[in-house]
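These are the structures in question, set out in turn.
What follows is chain A paired twice: with chain B in the first complex and chain C in the second.
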Partner chain A sequence: MTLMKNLLGAAAAVAVTAGAALADPAVIFDLGGKFDKSFNEAAYNGAKRWADETGGKYLEIELQSEAQREQALRRFAEAGASPIVTTGFAMADPVANVSADYPDTKFVNIDGFLPEIPSNVQMIAFEEHQGSYLVGVLAAMASKSGTVGFIGGMDVPLIRHFACGYAQGALATNPGIKIVANMTGNTPTAWNDPVRGGELAKAQIAQGADVVYAAAGGTGIGVLQATADADGVLSIGVDSNQNHLHPGKVLTSMLKRVDVAVYEAMKAGGDLETGIQVRLGLAEEGVGYALDDNNASLVSGDMEAAAEDAKAKIIAGDIDVVAYYTNDSCPVLDF
Partner chain B sequence: MDFLTIIQILDSALRMATPLLLACLAGLISERSGIFDIGLEGKILVSAFFSAAVASLTGSVWLGLLAGVTVSVVFSLVHGMASITFRGNQLISGVALNFLASGLTVLVGETWFGLGGRTPTLEGAERFNPITLPFADALRDVPILGPIYSTLLSGHTLLVYVALLLVPTVWYVLYRTRFGLRMRAVGENPAAVDTAGISVIRLRYTAMVIAGVLCGLAGIYLATGLSSGFGKEMSAGRGFIALAALIFAKWKPVPALGATLLFGLLQAIAIRYPKIDLGFITLPSQFMEALPYILTVIILAGFIGKAIPPKAGGQPYVKER
Partner chain C sequence: MDKMPKWADVALIPFLNLTLAFAISMAVIAAIGQDPFEAVKLMVTGALGSSYGWGYTLYYATNFIFTGLAVSIAFQAALFNIGGEGQAVLGGLGVALVCLYIPFPHWTVAILFAMLGGALFGALWAAIPAYLQAKRGSHVVITTIMFNFIAASLLNYVLVNLLRPKGSMDPASARFPETTNLPTFHDLLSPFGIAFSKSAPVNVSFIVAVVACIVVYLLLFRSRIGYEIRSFGQSQSASVYAGISPVKITMIAMLLSGGLAGMMSINNTMGESERLILNSVEGAGFIGIAVALMGRNHPFGVFLAALLFGFLYQGGGELALWLSIPRELVLVIQGLVILFTGALDNMIRMPVERAFIRAAKRAEARDAKQKEA
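Presenting the complex of A and B:
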């Protein structure tokens, strides 16, 4: 009998540990791959930091096609993973669909928008227009030609949101500045076409742009390369700190602390607050601009002071950076 | 639109057309010898990857070039083996090679570099740098001809000039040499060539090797000339546009140059002007990008002349006994 009890106890212990092991978090990387040196890589860095600090394990998948979105979510939910962190606006609807079927699993989506947030989903939104405003200020001050460029990835409201904040920052600094804006394409391959990105950058440089801001995932690699190859032209990276890609040629990077968001979500684990939208702006250090050794010579004291000043004013509410989402149009830039 | 803008667009068109031209010439050689080559896309992709990878590992773009060409030729020979020796279906073999290339590049890239299928960024001697033609800077201020020479013609990488020189070379080989005559014949009527005592198999394999080299150059230009490193799926359908250009050019080398330049121009215009306002209608950039395919369909439908492929294309040659 005691033997039986022991066995049962052991079996129960195994079941408990198995249950705990199954509650590993999961991360779903969007098209573009986790090493895109940009958005997904930031998410990967956050997950890696969590794993390094806690010694925990997490499940992960890099999406290869649109059709895999719901499939991947369901597979992780079936495997008992929670929270399931998804990156990219395109995951919002699949998350909404799948979350209803797995009420005990918690889901996180970064960048997406849902009109009604299910009770087991946390949506994380970044105030990218605020961060873009700051790099717009820096771009306008660094530009000698009076023309700055913007190259977006796929033409979606999110990327227009970036462009709009950037244009507002540049125009606030230099009211006469000319802004050339291009989108790479209308399909998800636009996130991964460095050759086209490079050609777009060359076309903008030919139109006089001497600072080009790339918010285009893997396509941005080509933009940064083309600007680094040209004389006297600077680029601005996005999402991760991309200053190191071409030291002395990248003016700054618009940081979007996706890594922090992913890390916090994984750390919270089962205690994650859901049913809400979390907004991370300048005040929460969710967005910002990158300063390091690689661009120290490019950003003068005046420029830094101007950016810090704008940052303080945005946080205080003295400057209102208009979001593209407010009325689906940008007051200063026409697409 | 001023003169300088036109020059800049043409300059961009030349860059976009070069990989198409090289791949188109590869397809031309292959199809003229009677082997349909739908695997151009895959060959561009593998040669792009291996040239960038080897250039990055060894620090020399020339070794990268060698590696890219070698891998492309190997792919070409596999296609040749399937379609010449084993008399398999040439379309299926080509499609299989495309899939193989798509998976192999990312797999090997991830194993070697751990960058998600990307190669490290190539710098300095690891890539083909722009060549400034003699007197380009001095002639820059000459009206009209100055910008044409110094902006449009000068400042490209070596492979652009190689591609342009290959057009007359391929024409000469095809129409003015004994080998070219035999190759055209083997694509039209292999039995006649065989009767004359010439090996159909050897001719076709030779064509496959040449096509492999040319197609390899297209991939190498993408990875080490046009951009600086490999990114997954970076060929982005160029192999298929090259096939469209080949049909558009009716399997002839000089029209191939025209077709690829036209397709390159359409891409360059779409890049420079995302929306084209014609007054009564605004054309989106997608229209410009779809235009090569639309034009090809129109050609195939026989509205602008007739595009007749080599007669023996796609059929494995079986020697009568």
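Presenting the complex of A and C:
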């Protein structure tokens, strides 16, 4: 078996070598670190799944400083790695800069935006506003007080994008609903401040919110904890399925399948299609809401039906969830 | 003799401190199952073994020289400026505004105005805590720390709402025009036939930083105002008696300090990222405190300490890049260096000093005996 695997592996390696130089993929994790229980960890899980399934090897680094962005890209490109998968919007500009010097290397960036995409770069964007819309629908239906909360991490356009989709979903379901939105902070530490997340959650509960959606990386852990400790309050997790963290207290989680994106990019290897912007929305199963044993008792049949209905309408184009980026503002929520 | 010789104070003690810090670091690396000797070798070759490594080491060092000078100039006046971080953030904003909105014909002109813009914004950010300290007695440590947070919020607001190009997700300004891009060492040295790594970010700002060291030295130790700053730092009441105005010295020292911290941004914002990003300072303002402590608040000492921290940053980055050493361990090494050179300095200093004094006394006694005989 092992011999067979080795032989097959060797054959595969030869096949790859024939196409291009022997290329291991590489993953560059953003400043939050590989084990941030959120975005980067999802990327790591995708890479790990690829490695487990194919037995392949990949290079990786966790960035520690801004100046290392280009450094890491160049290092991996010079080591012959391809595709080089990068996470986080802050890598978009360095990728655009470096990719021109290494035309034979393929680059992938998740979450970034480039006005012109170089021919050897694939940009992956998630339609977070669509997934957030669905959890907004669920939140509005689950809320008894008529007030729902949103807690973001750092106040950046991406997080406003989450909040905007959520608010649209909640308002579409209950036009009279009150939405309380807070950001944790203005520095990168806002991604990893569970204590402040918990305080914000308590403040929102005091204002009457009985469903709180956290899109705040590690800060969200504190939000989920504070809502689980309070009576009759539910929370909504983000990025990966966080329902299991407090079974019966987490209404659902807004899924953003970064792991799938990383896995697919690494699997495609040399055949990765570049020069394009890939959008992963509801139709592509790139975003969604989590339903499992942990929250089965919280999501009624009606709620699931309403969410599925909204999902079908968004995919069909009957509901247009406005993206924050379109006008750099949100039609239903002020920041 | 009741003191140890000068060379022991400035060279031997730091060396012993560093050796201890590295010994413990190596023990930690061994404890997590990695080869400590290979790790040290990798750090040294990664940071100093190639023009690429030097390029990064000097790039980081440039940041630390500016912030280290900023902290030490205030410290000479007995003011503990913890706000280097916020002042550098504002300096970045000043540099960005100058680069984005003034059309420059050439980088040589651009860098002068950018230095001015960065220094002005940094100094302005230091001016408020300085005024509150001088006139109202609000402690500068508290106010400068608070101003770091205000600076972060202000920059975030400006980037997200005003300077960000439409449609971009990254809270960062547009790229600066080509004419403001500073030449790197590669560009500077290649006309002389010296090959320097093309991808290393060290740029002409390093030379500015070295010049800044000399200027700060002349200012502190060879000028009247420097003398006033230092005597104010040594004894406030004595300098007031001598006719030195506390308000004036507090303001001048803090403005100079903030200006130097702000000037750091010609390196990271104008020289490296070539656009204003949210996280451009990334703690250099705080590292500056350690650099100033280690450099004994002397410009030359700051220069050497900044090189050491540049080495730690780049060498540490290489460790995380090529060994399966978690990046947190690099912080442990940096922390140990700060701990031993800053906080635990006396642990080494006192026994060494005693040893020197004892040796000197013994020699004296021997001399006296010889004379008797």
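Quick note on the criterion: the second predicted complex is superposed on the first by the 313 of 335 C-alpha atoms of A that agree within 3 Å, B and C clash if a C-alpha of one lies under 4 Å from a C-alpha of the other, contacts with A are read in each partner's own complex, and residues count from 1 in each chain.
The criterion applied here is as follows: a residue touches a chain if its C-beta (ideal position, glycine included) is under 8 Å from a C-beta of that chain, and two chains touch if they have at least 3 such contacts.
The structure displayed is predicted, hence computed values, not measured ones.
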item: Clash or fit, chain B versus chain C on superposed chain A; value: clash
item: Chain B versus chain C as contact partner of A:113, first or second or both or neither; value: second
item: Which superposed partner A:33 touches (first chain B, second chain C, both, neither); value: both
item: First, second, both or neither for A:304, with chain B first and chain C second; value: neither
item: Partner chain in contact with A:196 - chain B first, chain C second, else both or neither; value: first
item: First, second, both or neither for A:264, with chain B first and chain C second; value: neither
item: Touched partner set for A:92, first chain B, second chain C, both or neither; value: second
item: Contacts of A:182 with chain B and chain C, given as first, second, both or neither; value: first
item: Chain B and chain C footprints on chain A, overlapping residues; value: 33, 62, 186
item: Chain A residues within the chain C interface of the complex; value: 31, 33, 61-62, 64-68, 70-72, 74-75, 89-90, 92-93, 111-113, 115, 154-158, 186-188, 325, 328
item: Chain A partner contacts - residues on chain C that touch it in the complex; value: 56, 59-60, 149, 152-153, 155-157, 160, 164-172, 175, 199, 201, 268, 272-273, 275, 277-280, 282, 313, 316-317, 320-321, 326-327, 330
item: Residue numbers on chain B that touch chain A, as the complex places them; value: 5, 8, 12, 15-16, 114-118, 121, 222, 226-229, 231-234, 236, 267-268, 271-272, 274, 285-286
item: Chain A residues within the chain B interface of the complex; value: 33-36, 62, 182-183, 185-186, 189, 192-196, 198-200, 202-203, 206, 218, 221-222, 225, 245
